[in-house]
Amino acid sequence: MTAVTNQTLPTALDLPIVDPLPPETQKYFDICVEKLGFVPNVLKAYAFDIDKLNAFTANYNDLMLGDSGLSKLEREMIAVVVSAINKCFYCLVAHGAAVRQMSGNPQLGEMLVMNYRVAPLDERQRAMLDFAAKMTTASTEIEEPDRQRLRDVGFSDRDIWDIANVTGFFNMSNRVASATAMAPNDEYHAQAR
Amino acid sequence: MTAVTNQTLPTALDLPIVDPLPPETQKYFDICVEKLGFVPNVLKAYAFDIDKLNAFTANYNDLMLGDSGLSKLEREMIAVVVSAINKCFYCLVAHGAAVRQMSGNPQLGEMLVMNYRVAPLDERQRAMLDFAAKMTTASTEIEEPDRQRLRDVGFSDRDIWDIANVTGFFNMSNRVASATAMAPNDEYHAQAR
Amino acid sequence: MTAVTNQTLPTALDLPIVDPLPPETQKYFDICVEKLGFVPNVLKAYAFDIDKLNAFTANYNDLMLGDSGLSKLEREMIAVVVSAINKCFYCLVAHGAAVRQMSGNPQLGEMLVMNYRVAPLDERQRAMLDFAAKMTTASTEIEEPDRQRLRDVGFSDRDIWDIANVTGFFNMSNRVASATAMAPNDEYHAQAR
Amino acid sequence: MTAVTNQTLPTALDLPIVDPLPPETQKYFDICVEKLGFVPNVLKAYAFDIDKLNAFTANYNDLMLGDSGLSKLEREMIAVVVSAINKCFYCLVAHGAAVRQMSGNPQLGEMLVMNYRVAPLDERQRAMLDFAAKMTTASTEIEEPDRQRLRDVGFSDRDIWDIANVTGFFNMSNRVASATAMAPNDEYHAQAR
Amino acid sequence: MTAVTNQTLPTALDLPIVDPLPPETQKYFDICVEKLGFVPNVLKAYAFDIDKLNAFTANYNDLMLGDSGLSKLEREMIAVVVSAINKCFYCLVAHGAAVRQMSGNPQLGEMLVMNYRVAPLDERQRAMLDFAAKMTTASTEIEEPDRQRLRDVGFSDRDIWDIANVTGFFNMSNRVASATAMAPNDEYHAQAR
Amino acid sequence: MTAVTNQTLPTALDLPIVDPLPPETQKYFDICVEKLGFVPNVLKAYAFDIDKLNAFTANYNDLMLGDSGLSKLEREMIAVVVSAINKCFYCLVAHGAAVRQMSGNPQLGEMLVMNYRVAPLDERQRAMLDFAAKMTTASTEIEEPDRQRLRDVGFSDRDIWDIANVTGFFNMSNRVASATAMAPNDEYHAQAR
């Protein structure tokens, strides 16, 4: 049995956080506490090795917060739909909260966690999430008509790159979180309900 | 129909490489040509945006070339087994060549591409690849006994982190490559046969 | 696209509620409003035909509220785990709320919705939920050792009957709810967070 | 190994029939013997608790024998197709016999047991069975176009409700029968061949 | 819609039988009529090309009727279990009849068609059918312990060869029959009920 | 663990080759050595029983080398696509080499081994391989429109028979090879790279 809560470490692996943290990292963590009220456990999980932490955050911040034709909410929507298929507890809790918060629509967050097909989406967002779902379950079957469907609802080739990379990223992080029994911070659960 | 060869761009997306490349990137590409004889198309694919390219290579180089209890060959073996499950043409071609080359055993590369269960592996490597395969197909079912099996054949918790992250990485890059119809460089095919 | 909210009817089918309701049914609905604050949409969905409504509620009340060696919370836990496998939005919303409320543990409700394997369950409840999950995905493979595992953790044959029937019931109602786009009442979402 | 025949009880669970049966139940069983030649084992299985038996038969009789736009044969056809997907021995034997008998076409019964796609069905019945099959294997993917296809071949919304509920019912009873190793009465096998 | 009955040809393909048949073939067909009452449609299907017919019957007769540590009934049992997984109407009808006839146990034939796990098999036959089932659904996962389990219940390596080849044969013929909509002779249905 | 190389026998089964071989068989093997440089292990595997060997080769030679509207290369392409789905090491190695050699296009061989959807195929060959893939994974779902799609791109009914039978054959031989751990000859690996 794997109980992912009540762990003193952020994962089931015995990988203690670097102590003391380098000043840059400490500063980054302090900003998290200030803005979110806590340091997300995924960051603590990587903080046994500062190079790995930095590679992860550079990648994450570029994808989820950088310039894109996709809104930040849309990128979080992809995160939740991919995590729902992979049944990743950590990512569903953290990114489900983000969708509830950013959309101001708690039900949308729940729908994407439970079955995105029931959500009242416009054609563009539905096509985006269908592509993310197919990439997650059957990437080998993606062919030109799948990309064309995205272009037909208004996405540029650069947008398609971003959809593919956000989808890819959560297929990575879902698996790392599940494989290491990463526990989400308790604070997420009651947010934006 | 998606023909991934004979593309003038490295993927099916119209995302031209930054021109001219920044000097650091140009230097990196020149080193590739010198060492490998060519610039891997995955790098050209990301080179429409230098920040994305840098985030990708930092992540890749840390995982595949950085310090680890896993040998570089073992990391490539994981790459091939994950890519075989996801049927990613790009990654099978590129990392299959790497396994053939690093192992000096062309048949091992073929076995991992075709069905890793037929390869004559020791207990440690078989456990490592079974974990990678389960993470790829059923990450949600990984529990403590799965991690313990890795410890029982000699892997440390840090090694388990690395197995999980290499496996996660190729679950990301397989999907990005398939979703964008990324074409492998022709040079890989005849290498180390 | 199926948007299950903002429907004036409880499902996507045009089946208006009997009007006026028979006095017994009206009284039952009034009790719902008094106790829960609303009439669950599943009852409104069946209320186009009072015989069908009565057959459904007799079945439901016997299973979920009648005498059993399973606690009411345990029966709700099965409901959520089955509904998570079948990705039934209606049942996950309504019974997820019930688990949060009855257990006083909002995280438990979320874990069962997202991936029951991460929940810190005792051996008895884990065996119960594993049986429910196997019945849902591969009932044809259940054999005597599966039943014996339940007996070994303390369940009687009568308890096994109840586990099987609660699991069966939600495999029915999940499918009816999904097939008719049944919309859960808005009130569930914020309950017991 | 689970041998479902030669059991002295109707299932693998030790749940003896109430003895003596209440007069109403005894009368119902007597009618079964008179009409069918035997009491179906599913009724004996529930008869350890008369309330459960009554809830089951009320539900069953309303669905399979009550007023509906679906003929009784059509409801049995759904029963067999659902049971074939779930590989439920009890239900295939009992309802396969019903299809052979009601249709006067032994081959139709066999086709629905073995692969309904080979049966020479009209457009209406094929659509009905395709919907039942999709509800059984992928209910979460049912959306408005699936319901519309049923309307297009002449089904009313009330008919769709009935298709959904008959399909749901056998997804319940298949699982209960398989989970408890319910044995079909021997008499079914040779009927209407 | 594919209706496999009432076809004037044995399959959905327009491939007329060689006319007149060569004397040897005619004699073989005459023996079929004498012994079985009809020429099995599978033979008529191949009879557009006598070389193909001969290669098929040589293969079939060697496997199903030749010397083997498996009884003829056991080989028919494998045929039915494989055909049930592949849901091949032709083969289930023809070989289900053979099992009923050879075993003198109509219920055994039905059990193997519907779900072989419910049949009261001894350890040897259960192991044999589990191996055939795994070869059919996941041949790539067969490893030495699977073969050893067969040896442990008394099969020789030659017997394992025969199990593998009978299983392989029906994985071929099931697919050919389904792909061509091969119709079984009506006579099978009522045999040995 | 199953290591399929370094076996002194062609499979994991202890079934020694008939010694001495009958003159006809010896002559056939000598021709193999002359033409290919070696006797394919699949022939050695069957050579413990000359009748079985002859039935296999008659079947194989008729299908792969006999008259057909499919070119020999096209038949080998089917062999590789089917073997890739079934992950059969023996057949992928042997028939992958054949595709590389016959096509003069090493990349085509690799594409068919790894993911045939990325290969630059014309409409006819793509339809042929899609049919073979569907027959391999879901033969029970093949209906008239699948056959019609083949006719629409120019295949005759006789060609469809050949596609079905080549596909069926490799669904047999893949399973026999995997179930017996058949090892491919080393010589294939470096051929036609």
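A, B, C, D, E and F label the chains in the order they appear, each numbered from 1.
Here is the rule we go by: contacts are C-beta pairs under 8 Å (C-beta built on N, C-alpha and C of every residue); 3 or more make two chains touch, one makes a residue touch a chain.
Keep in mind the model is a prediction, meaning the values are calculated, not measured.
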Neighbouring chains common to subunit D and subunit F, by label: A, E
Option in B-C, A-F or E-F whose residue-number contact pairs overlap C-D by over half: E-F
Of all other chains, the one whose Cα centre sits farthest from subunit D: B
Chain pair with the higher count of C-beta pairs in contact (B-F, C-E): B-F
Angular offset of subunit C relative to subunit D [C-alpha, multiple of 5 degrees]: 180
Where subunit A and subunit E are represented by their mean Cα positions, the distance between them in whole Å: 51
CA centroid of subunit A to CA centroid of subunit B, Å: 22
Inter-chain centre distance, subunit D versus subunit E - centres from mean C-alpha coordinates, in Å: 29
Touching two or more other chains - residue numbers and ranges from subunit F: 1-2, 87-88, 115, 117, 140, 143, 178, 181
In contact (per the touch rule at the top): chain pairs: A-B, A-C, A-D, A-F, B-C, B-E, B-F, C-D, C-E, D-E, D-F, E-F
Residues on subunit B engaged by subunit C in the complex (per definition of touch): 140-141, 143
Touch list for subunit D against partner subunit C, complex: 1-2, 12-15, 48, 51-52, 54-56, 58-59, 62, 66, 86-88, 131, 135-136, 139-140, 142-144, 146-147, 157-158, 160-161, 164-165, 167-169, 171-176, 178-181
List of subunit E residues in touch with subunit D within their complex: 1-6, 87-89, 92-93, 106-107, 110-111, 113-115, 117-121, 123, 126, 178, 181, 186, 189-190, 193
Touch list for subunit C against partner subunit B, complex: 115, 117
